[in-house]
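Below, subunit A partners subunit B and then partners subunit C, in two separate complexes.
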Partner chain A sequence: MTISVKVMQRPEPESTSYLRAALSGMALTFKHMVNPTKVTQQYPEEMTELSPRWRGTHVMEQHADGRPKCVACGLCPTVCPANCIRLVGGEDDQGNRYPIVYEIDEFRCIFCGMCQEVCPVEAIHVGRHFENAEYTRDRFVYDLDRLMEQDHPSTLLWDPSDPSSE
Partner chain B sequence: MEPISGIPAVIAMAAKNLGIFTLVILVVAYATYAERRVSAFIQDRRGPNRVGPFGLLQPIADGIKNILKEETLPATASRFFFVLAPIMVLVPSLVTFAVIPIAAPLPTPWGVVDMIIADVPIGILYVLAFSSLAVYGVVLGGWASNNKYAFLGGLRASAQMVSYEVALGLSLIAVLMLAGNVTLTEVVWQQQQLGMWYAFPLSLAFILFVISAFAETNRLPFDMPEAESELVTGYHTEYSAMKFSAFMISEFGHMVTASALMATLFLGGWDLPGSWDNAFWYNGELISGFAANGDPVLANPAAWKTLLTFAGFAAKTGLFLLLYIWIRWTLPRFRYDQVMALGWKVMLPTSLGYLMLVAMTILVLDELGVNFGFLYGLVLTLVSGAATLAFVFFLDRGRTIAGAAATTSQKIEIKTIPTAVASGHAPGRH
Partner chain C sequence: MADMVNVTIDGNEVSVPKGTTILEAAKRVGTEVPHYCYHPGMSSPAMCRLCLVEVEGAPKPMPGCVTTVMDGQVVHTQSDQAIKNRRGVLEFYLVNHPLDCPICDMSGECNLQDYVHAEGREQGRGVEPKRVFGRDDFGGDVLFYGDRCVMCTRCVRFMSEVEQDHRLTVVERGNRSVIDTFFEEGLEGTHWHGNIVDICPVGALVSKDFLHKARAWDLAHTPSICDCSQGCNISLHTRDNLVQRIKPRENLDVNAWWLSDACRMDYEWMNRGDRIEAPLIRSNGGSKVLGWKDALQSILKAAEGSDASVKAVASARASNEDLAAFKRLIKGLGGGEIVYRSPRIEKDIPLKGFPQLAVRRDRAPNTTGANVMGMTRVGDDCATGGLEDIAQHDGIVLVLGDTLEDQPTTFGADAELYVYVGQHESAATASAHFILPATTKAESEGTFTNYEGRVQRFWRALDPPGMARPPWLVLGALAAELGCGEAVRSAEDSFAAMGVDAFAGITYADIGERGTVINEIVHMTGV
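Entry: the complex of A and B
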């Protein structure tokens, strides 16, 4: 077995000069130093515009009278690949099904958006929002009230007839 | 005008001590801020801009953070020396400023106050002595940490310090020969008398001094003792909180002192163009120069002159600080052998040769009876300019400092291991 040696292509000794390279480097950094255009985004003041298909914190749509649109059909906990949705359904006097417990663990969620795709009544959505920092871990389990309180826009579903969302 | 004496002199001395010390600490704090801002600008970022307007309170926030942080003491460290090292580094970097004059003398109702803490007769020698002391703290910090990276950093610091102190001292001798004295007030005075700052008549000494000063303050491209990519952070790897901060303050303190020193030695210190601000104590009188017949001309100190010259001094020091930061964020670190080669094979012979050249020029000029004035400086400028050009040509064309590409003589021949031996069965298999 021979040891293979990779020979690096070095510049020719006659064509290099530390001094000139250093000076041209100094000129370059000086140009950048006085250049007023900076790449830093001033985050809390300047927000990045999120894509219409950005999948973030969930939103539960509600009726005008404040009831959740969810009919507790059980499709979203079934389809959820991360198993992060807990749903206990109930039925009222008129036979309308409604969620008694609806919780989403935002830590377990992988934000695939399949819950939104599968929902027959367009109740649960993923939303265009990402700032959901909390001080304790248990705050990351969003209950029904909290999901309905979310006021950010919900995500646009991918439309096969308009693949690039134009 | 009489120099200040008696009780007012004591008060003036206390005020100067407090004022200049506060000023140096403040400049050090804002040098860290400047470093972060300028490095950000160089990299097209914005840098710290959240604490206060334009982030100006950032150094204070850093200070509070470092005071509140937990002090750690490595279990295997030598406790006494571990605590001693930051102190030994910090003190020399702050006391060296004492002999640097910062402005023209200030007239007060009680007499004229020199804007210098201690105009000691040993002048620059005091600076050299104390700045060399700082390396003891660095070595001690590296050694007391009982950490191999810290130890290597300390070793490198001592080796580098010794190597570049030689070139630093030799380039300094040229200045002292021309000034005829080692006190920095006299160096400034002689630059005023010569009519030009020593950066011109002693241009090569200036270049050598700047390079050596970079090495002495352990700044890039010579930050061998820290060398983040090789030694974690070198000698202060094990230090945290305020002890780490002490090392940082001392590094920036050295930078500020070295900048002030370069400004004083080569850019005229607090001197501004023109002879209106010249002032020097000559036989107990504050004079601004000599008349044609050799009589001293009395100086006319004023508060506005003091302020203006201080602004000039601050601007020159700031220029060197900016140069420090600018170079740090441009050039990569030298390899260790390149640092040593540059120090011993380039800087030392060049400074020695240049010293002889300057000595001979001064001797010839004095023998010819040329007055210490503009013509004197012009001849030296031409001689030094030629020497500088030769030095630059030698560095550039001779590929004296270059990467691995240029030094074919240093290349290691890579030999292929013979196939027969390597591919055969291991002995003892049969």
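Entry: the complex of A and C
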């Protein structure tokens, strides 16, 4: 196969003006100044509309007396594809099985929401939330207390009035 | 043969001895008929009604666990009628079952869960409230969750037929019937009650020790051998590189399905964290961590040209391969006396319903192996004392595996060369010139010889800490350098290269998972 070479016709530097191209570019820029269709969002004054399928950082549901709903059954660490949940089960003073350690590494989490789907007691949920900034990386490992403190709502994928999606 | 009968089970013809039950015959053709109350080691009351199978010509479904086969019988275990029977029976089981699988320790290995998942209804139809018993402490290691119970009475029959100590019974009748103990005594003081947790097909009887510790599906199972001279076949259930529990492994020649409570609870030593992790050399008051090659070369250099006499302490917890390599090494160093110490209890505690199984007097797994190799037992029944002359020996002192916890810091202080191969440092290792890290039985492959001379293999369940290596590898390499035997690379080769007559001609393939009996048995003197 022969190699073909295309010779480009370059404009002559002396006889070429870029003014026309610059003006047409600026025209587009100025057109946006008066364009009624707004593009820029005034975050954080204006919040983004999240998709109903949004899955953000987790929330642990709790009983009225402040105990976590989790019974340490071990299904979420089993199902988790990112292996980001650490769970150590134990028994509390009333003889209930509960998580002594429950940690979710939100950096490792891929927010698939399978932990919520598999949970037999509707304890762990992915949240409707995206502002997760922290000063240190280790703050992204959420322990049980932190998961219970989260005050953002759970995802719309879960309907509390129909917990098992019937 | 005259006493064989031919039956057809699910279209498969099979010839079984007369008197075989349909359930056992179905096992021959690879069909597991669901059952709860039947256990091969006990009588069959046929009360769970789950093994009902369709027999052609019989007017009603027949319980497979007690119906013996007849010549020309045609049995259907998977016909529509048989499946419908089981579906109905399973629905009755769930009338009062709390379905608390998420918090039940049996979840993942539960027969009720499996059967209902395979053949039960998708949705329950019950609207009535379930009766509630709550939980009861049966004493010993056993907790009873009455709501989960399916009333198969395996536990009651185990205690009355196998252990032959009537501690459990069924009280009340109908759907209020429940397993209970007599008075407050419970199962306390019995030696085999852990087995009722194993044979419970559901989560009604659970181990207090294992309660909420791990989920069944997280555990890796490794075949192993327990730590008394009975040599019970066990399975080490591990997770996170820790042994979480010990379960018996079926071997009709040794322990059938059973395991003593003492052996069942004897696993924490395998999880100890205070291990020797790297070879250590001590000289002029200081100590230095070495690589394996440097460590072995330094030992050879230190031993070179020495004609000092050798005194050695082995351990009856070491495998046959380890002991043989140790013996070869000592032969290479000029030969010397090898002693070992092992704990003993007062007397054997046999399992009455299966008397060839006992909590053996000898509480070390390989005393027979040590005896066969010409090692002498010293010390008392707590595995202490007896090492006075070795402690002050001025020649070469070698220790394999023995923790020497009762020995003073001056142990081996006068020795020309003191090499300690073991798992844990203690006061008595303070004077050791070389400390080499060794694996435990859970971290290496090998064999033990039990009280009757049966060689049985164990497999590696855990990763050894740091640089710990199996003693047969390390000691075998040293011995090979000294001209005794060849250096080996696997436990199998090490077993073949043991050079002990009693084991001659036996290979790992012969031993398999069931074990084989060695050529000659040497019993301890004074037993």
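The working rule: the second predicted complex is superposed on the first by the 117 of 166 C-alpha atoms of A that agree within 3 Å, B and C clash if a C-alpha of one lies under 4 Å from a C-alpha of the other, contacts with A are read in each partner's own complex, and residues count from 1 in each chain.
Criterion: contacts are C-beta pairs under 8 Å (C-beta built on N, C-alpha and C of every residue); 3 or more make two chains touch, one makes a residue touch a chain.
Predicted model, so just to flag it, every value in this text is computed and none were measured.
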Could you look at A:F30 and tell me whether it touches subunit B, subunit C, both or neither (first, second, both, neither)?
first
A:G90 contacts which: subunit B (first), subunit C (second), both, neither?
second
Output check: A:S51 vs subunit B and subunit C. Expected answer is one of first, second, both, neither. What do you get?
neither
Given the touch rule stated above, what does A:V71 touch, subunit B (first), subunit C (second), both, or neither?
second
For A:R20 in the superposed arrangement: first (subunit B), second (subunit C), both or neither?
first
Compare subunit B and subunit C by how many residues of subunit A each one touches, and report the one with more.
B
Which part of subunit B faces subunit A closely enough to touch in the complex?
38, 40-46, 326-327, 329-331, 392, 395-397, 399-408, 414, 416-417, 419, 422-423
Along subunit A, where are the residues that touch subunit C in the complex?
71-75, 78, 89-91, 95-97, 120-121
Enumerate the contact residues on subunit C facing subunit A in the complex.
101-103, 107, 135, 211-213, 215, 217-218
Which residues of subunit A touch subunit B once you look at their complex with the stated criterion?
1-3, 5, 10-13, 16-20, 22, 25-26, 28-30, 32-35, 37-40, 42
